[in-house]
Amino acid sequence: MSKNVKFVQGNEACVEAALYAGLDFYAGYPITPSTEITELLAHRLPQRGGKFIQMEDEISSLCAIIGASLTGSKVMTATSGPGFSLMQEALGYAVMAEIPCVIVDVQRGGPSTGLPTHGSQGDVNQARWGTHGDHAIIALTASNHQDVFAVTVEAFNMAESYRTPVILLFDEVVAHMRERLVIPESGEFPLVDRLRTSVKEGVDYHPYLPREDGRLPMSDFGGVHRYNVTGLMHDMWGFPSSDPQIVHGLLRHLVDKIENRVNQIARYKEYYLDDAEHVLISYGSAARSARHVVETRRLRGEHVGLLELQTLWPFPSNIVREKCAHAKSVIVVELNMGQILHSVKLAVDHAENVFLANRIDGVFITPGDILNILRLIQGKGV
Amino acid sequence: MSKNVKFVQGNEACVEAALYAGLDFYAGYPITPSTEITELLAHRLPQRGGKFIQMEDEISSLCAIIGASLTGSKVMTATSGPGFSLMQEALGYAVMAEIPCVIVDVQRGGPSTGLPTHGSQGDVNQARWGTHGDHAIIALTASNHQDVFAVTVEAFNMAESYRTPVILLFDEVVAHMRERLVIPESGEFPLVDRLRTSVKEGVDYHPYLPREDGRLPMSDFGGVHRYNVTGLMHDMWGFPSSDPQIVHGLLRHLVDKIENRVNQIARYKEYYLDDAEHVLISYGSAARSARHVVETRRLRGEHVGLLELQTLWPFPSNIVREKCAHAKSVIVVELNMGQILHSVKLAVDHAENVFLANRIDGVFITPGDILNILRLIQGKGV
Amino acid sequence: MSKNVKFVQGNEACVEAALYAGLDFYAGYPITPSTEITELLAHRLPQRGGKFIQMEDEISSLCAIIGASLTGSKVMTATSGPGFSLMQEALGYAVMAEIPCVIVDVQRGGPSTGLPTHGSQGDVNQARWGTHGDHAIIALTASNHQDVFAVTVEAFNMAESYRTPVILLFDEVVAHMRERLVIPESGEFPLVDRLRTSVKEGVDYHPYLPREDGRLPMSDFGGVHRYNVTGLMHDMWGFPSSDPQIVHGLLRHLVDKIENRVNQIARYKEYYLDDAEHVLISYGSAARSARHVVETRRLRGEHVGLLELQTLWPFPSNIVREKCAHAKSVIVVELNMGQILHSVKLAVDHAENVFLANRIDGVFITPGDILNILRLIQGKGV
Amino acid sequence: MSKNVKFVQGNEACVEAALYAGLDFYAGYPITPSTEITELLAHRLPQRGGKFIQMEDEISSLCAIIGASLTGSKVMTATSGPGFSLMQEALGYAVMAEIPCVIVDVQRGGPSTGLPTHGSQGDVNQARWGTHGDHAIIALTASNHQDVFAVTVEAFNMAESYRTPVILLFDEVVAHMRERLVIPESGEFPLVDRLRTSVKEGVDYHPYLPREDGRLPMSDFGGVHRYNVTGLMHDMWGFPSSDPQIVHGLLRHLVDKIENRVNQIARYKEYYLDDAEHVLISYGSAARSARHVVETRRLRGEHVGLLELQTLWPFPSNIVREKCAHAKSVIVVELNMGQILHSVKLAVDHAENVFLANRIDGVFITPGDILNILRLIQGKGV
């Protein structure tokens, strides 16, 4: 067991989980603060027979893993904000063509090159809306290394289950902090493998014809079946179509396969919510300070609770609404100008009771920062 | 006067307005349904001494106009969804470095290459959140050619006034439809020229030190002053800084210069709102059908009104709230899955009374479509 | 006219007003930041035939003016927090014996000797509750020198009208700031003179028998009438009594003569309250920043208003409640940990919408400070 | 055991408890109705090696015990309203310099010399707000002699634990009434001793540097360490500072060390609150009649309960709110014009359901008085 305990950075926890989940193709271009992921995989992935390619930029990185995924690999790339912006066009292609892939965005201060070495959670709404056109997306995050491991494994599982890109939205603080990680035994975490078609060679394979359960079996591209893949609206054969019924159906399919499963995809943790009058909602590194606030205020008898979100998209509106149903105030704690704040306001019954505790100066938000804002929100001044 | 009346496509109205506004540098890569803008300017711009460059892709197109703007030119590029996704990284640079420029996105069906020849309004939230990191943006739209002309001129004026990229979010229907356009006389529309620094050669120029009125005078790059321009967080000299106070101040400046002027930037039209029980909110081509519904229902004595938004970002929340204050229901009419819908819900006092009338199949929404949805909202069934 | 315009400190405005109101006896002990009042009166009062005495401490100062008032003089003393604490016992005597007098407390940072040279509004609740036993008190304040003048004249008028000590609660910022003061012409402001008894010499005079209008005529002590004055509960002759009916009646009289006239005693100013969604309530120097916030937010179309209180005690609850009836939020701006805050919460219909914008570090609260707190209260974060 | 049972006045119970708690220095000036405390200690304290000093007035009394406490003694003084008013300035010094001391105020009718031989509870808000400047205070009370003993011991313990003055707010009725008192065995009640620094002689001692648990170890003044004590705002060395961060931190420390421990400091008793529709809230002697009302109404099946407060400051708002959460009406029973009434109204969810049952004529409130008021509150008239 002891060999399974490590003292690692968050980025390394992500790498361990990706290997655990069965990653066998990685393409990337290094950028702070995600670089360790690329570095470690350059070393680790070939050792176990996987492929590592350093690409010339982030566009080619995402395109490379999309292609590799189509041929049957479990794939990942990692970047930070500027690289993630460059990936937006190919990301839409993966959404439209339903290509399983995992994209890690280790967030740093933005916009533009911004603050490369400081933490931020400024790419949350970009993960949702960054590529053009209506679509749905899955984005997961975590506040500690054990959870980084868990959601990274989930990301691969969800990518395969729903044939979709999954975004891992970590932040610089978690990525570079070192803490204990226990790597689970093989088999401890369930893994979802590629669902391959049972259609035999020589028989027509419909790449975009869902089974009864909604899943679309794949056939390794370049293998026994010939089929078309396109970023254009397409029919069940993968061929372009502008027929309104097909277009409508495809768009609803792409969105519903994710939005309708929001409860299954939702990962969250809750602390003292049962009788909480003040509910903090947070995620990623900011949730560490939020949790500290809750633990210490509870010691003083204050009815404060925390909902820590790990699934940011699809936004678990019903869960948030239920958890906040009896709260006098809801305080969103995040390292940006209020991005999840919008979704929380849309989810709850009383948007006027939702407040924001944040920092935007590249400095990590402390429990003291949250308490100061809490005082003001409670009408107690400084 | 008669030579000023034309029968044109929306894309041509945009070109006429850009020239009227003083465009003198254009770089672009053709993509349906924006191609006419590039084609026309390849012909028209050199005629009056401006520069036209066809670039190898959309990334270089945006980068080219950013550079040209820094040297003192009024600049524009045009594209559609896939190209706009590719521009997201450079867009953030223009936001951070405060470079005046105009980017036209003529929306077609998405995501990915989607439906090139059909209309959509699916890039609205991308315009707001497409690049990484917290930021603000200005995005304008229009439903007819006279207004396309007007908001295009405004786009140049706002870009110069606020030193910011401005997005023109047209859609394929308006872009390709032909209708009458009266080109205003020279001087009829006020034009905002580049605010150049009065700092003399040999005296230190601070590129990011606002005047008392909040505006930042520019010095043509390559001219008499030496200064630094970067996508990193920076001080008033333009040099990188991670000092928390400078970072906080710069981010607030970038956002506040736009969000705090939401009332000045807000362009909208209203029809029969004074006593409207049912308020339609729409924009772009969808607003044409919405207006038709309002006009015909009024003939029947129904209290229906229309708020047509031309400024989508910054979202004019206060105006929307006030206009909807006495409405029984608010129906957002748009050609997507409900993007402005979110902002309307966040703006109004009773989000539960906000409904969506839309199409997502590439077919233009008709007055009949809206009426059918109105019946359902009113509890009258199909 | 021009000789009546001065450029003075707030303390000097207070002195000018006291002289205008007819001050003829002053006893005091200097303490920062009230010292200029004592200094100036040492010079000015004897010039016009008044008496100035520098006492050995604050207890004797208040006792001296109480005695002088009984003999028929208009009297005042001035001090700051530590001295005001020492005066609490004699203050109760003046309340009980119904002696007209004016006590200026120029507030500095407390508790204890605290911050002698920095402003504060920390003595507001002390003015109300500092002496033992149930009682009522009048306390006035002002935010600029013209109003300092006006409320100082009012203080003398109210002291005489209601036979009560009146507290002038200024603060160091107003006291030491210099600005323009126009001294009114003689007769411009009405003055209330001592109400002397019409009872003739040799006829019994009841010092504590109110007239029909509730006022108690006085007889200069040491003059033609013999009567008793005591801090004990007493009858209409001024003699001690523990008869429950007399005790009850006297206490109710002492409180009701002030609390029942709250609307007559209330002095306040209002700015843009008619349609204000956010109501600031402030007083003294803090109201200067609050007013600046209101003026600048109005320019941006925001519905913000200000209620500036000049009468702090008796607290004008009904007026506050009415002015805040339609407010979404009420923000009390004061230089303490929230003292008037309590009274505002008790006054309004929705105490949960009352917030505090304050500073407690000896630094004057700026419009920027208020705006930052306003952002947090509005759920917008930093 | 029998020698531990006494039939005593409340004042004597207080004396016994002070001796039990380790009092070794007392300075005072006699005033009705607290005189017995001074008299008894003049006799008892020297017997066990303590120091008793009769001072010339109340100011010097408090100053004397502050000095003695600094040198390492457990100290107390006792007075009534007029003396307590005189102590307000030195009280603020003890707050600021964090000097453990116990001040007994045996309340009589006020204001001023008022009603020396009659009971009252008129100094409750003075205990909170009597000295100038923002601060927090601990004030305890009791309704019977056993509890007088208990809260007096607590007062010494809290003074030492929190380095703060603690006020014992008894009233004349309890003070002069005789009833049974069982004096606990030595060791039965835990005692908190002075926390002395472990810093060795010759090593720098920081008098105002809190330990990790928030407590500040003391060094007997005049002993092995040299340090500064001042009523001015000061740093961890005890030297004056007007640095805004130090001022802010010190004020928050002085207030938070008490307000943040409100639940630990809160002492109260409850009777039949579980299903109470009408909740009486009372304290001190008034709580005796309130309890009688509750006991007799319960016999008649009426759902009446009593919350008897022993800690008045910091006001236990959360406890009051929770206990009153299901009450149709809350009736505050006190011997003043409604002082705790304000705090109760601020604490509960429905201030409009809070009523006052009181007397202000020097006569003790009887169960019959309360019942008459209860009838009126219930709409039953007199």
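Letters A, B, C and D mark the chains in the order given here, with residues in each chain numbered from 1 onward.
One rule holds for everything that comes next: a residue touches a chain if its C-beta (ideal position, glycine included) is under 8 Å from a C-beta of that chain, and two chains touch if they have at least 3 such contacts.
Model, not experiment: these values are computed from the prediction.
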item	value
Chains contacting each of chain A and chain D, listed by label	C
Centre distance in Å when chain A and chain C are each reduced to the mean of their C-alpha atoms	60
Centroid distance [mean C-alpha coordinates] between chain D and chain B, Å	66
Distance from chain B to chain A - Cα centre to Cα centre, in angstrom	30
Separation of chain B from chain C, taking each centre as the mean of its C-alpha atoms, in whole Å	56
Chain C: positions in contact with at least two other chains	337, 345, 360, 382
Topology of the chain contact graph, where touching chains are joined (line, ring, star, complete, other)	other
All touching chain pairs, where touch follows the definition stated at the start	A-B, A-C, A-D, B-C, C-D
Chain C residues within the chain A interface of the complex	328, 337-338, 341, 345, 352, 354-360, 373, 376-377, 379-382
Touching residues on chain A, where the partner in the complex is chain D	300-302, 382
Complex contact set, residues of chain C against chain D	59, 81-82, 84-86, 88-89, 91-93, 95-97, 105, 107, 109-118, 120, 122-123, 125-126, 128-135, 230-233, 242, 244-245, 247-248, 251-252, 254-255, 336-337, 339, 342, 345-346, 351, 360-363
Touching residues on chain D, where the partner in the complex is chain A	248, 260-261, 263, 318
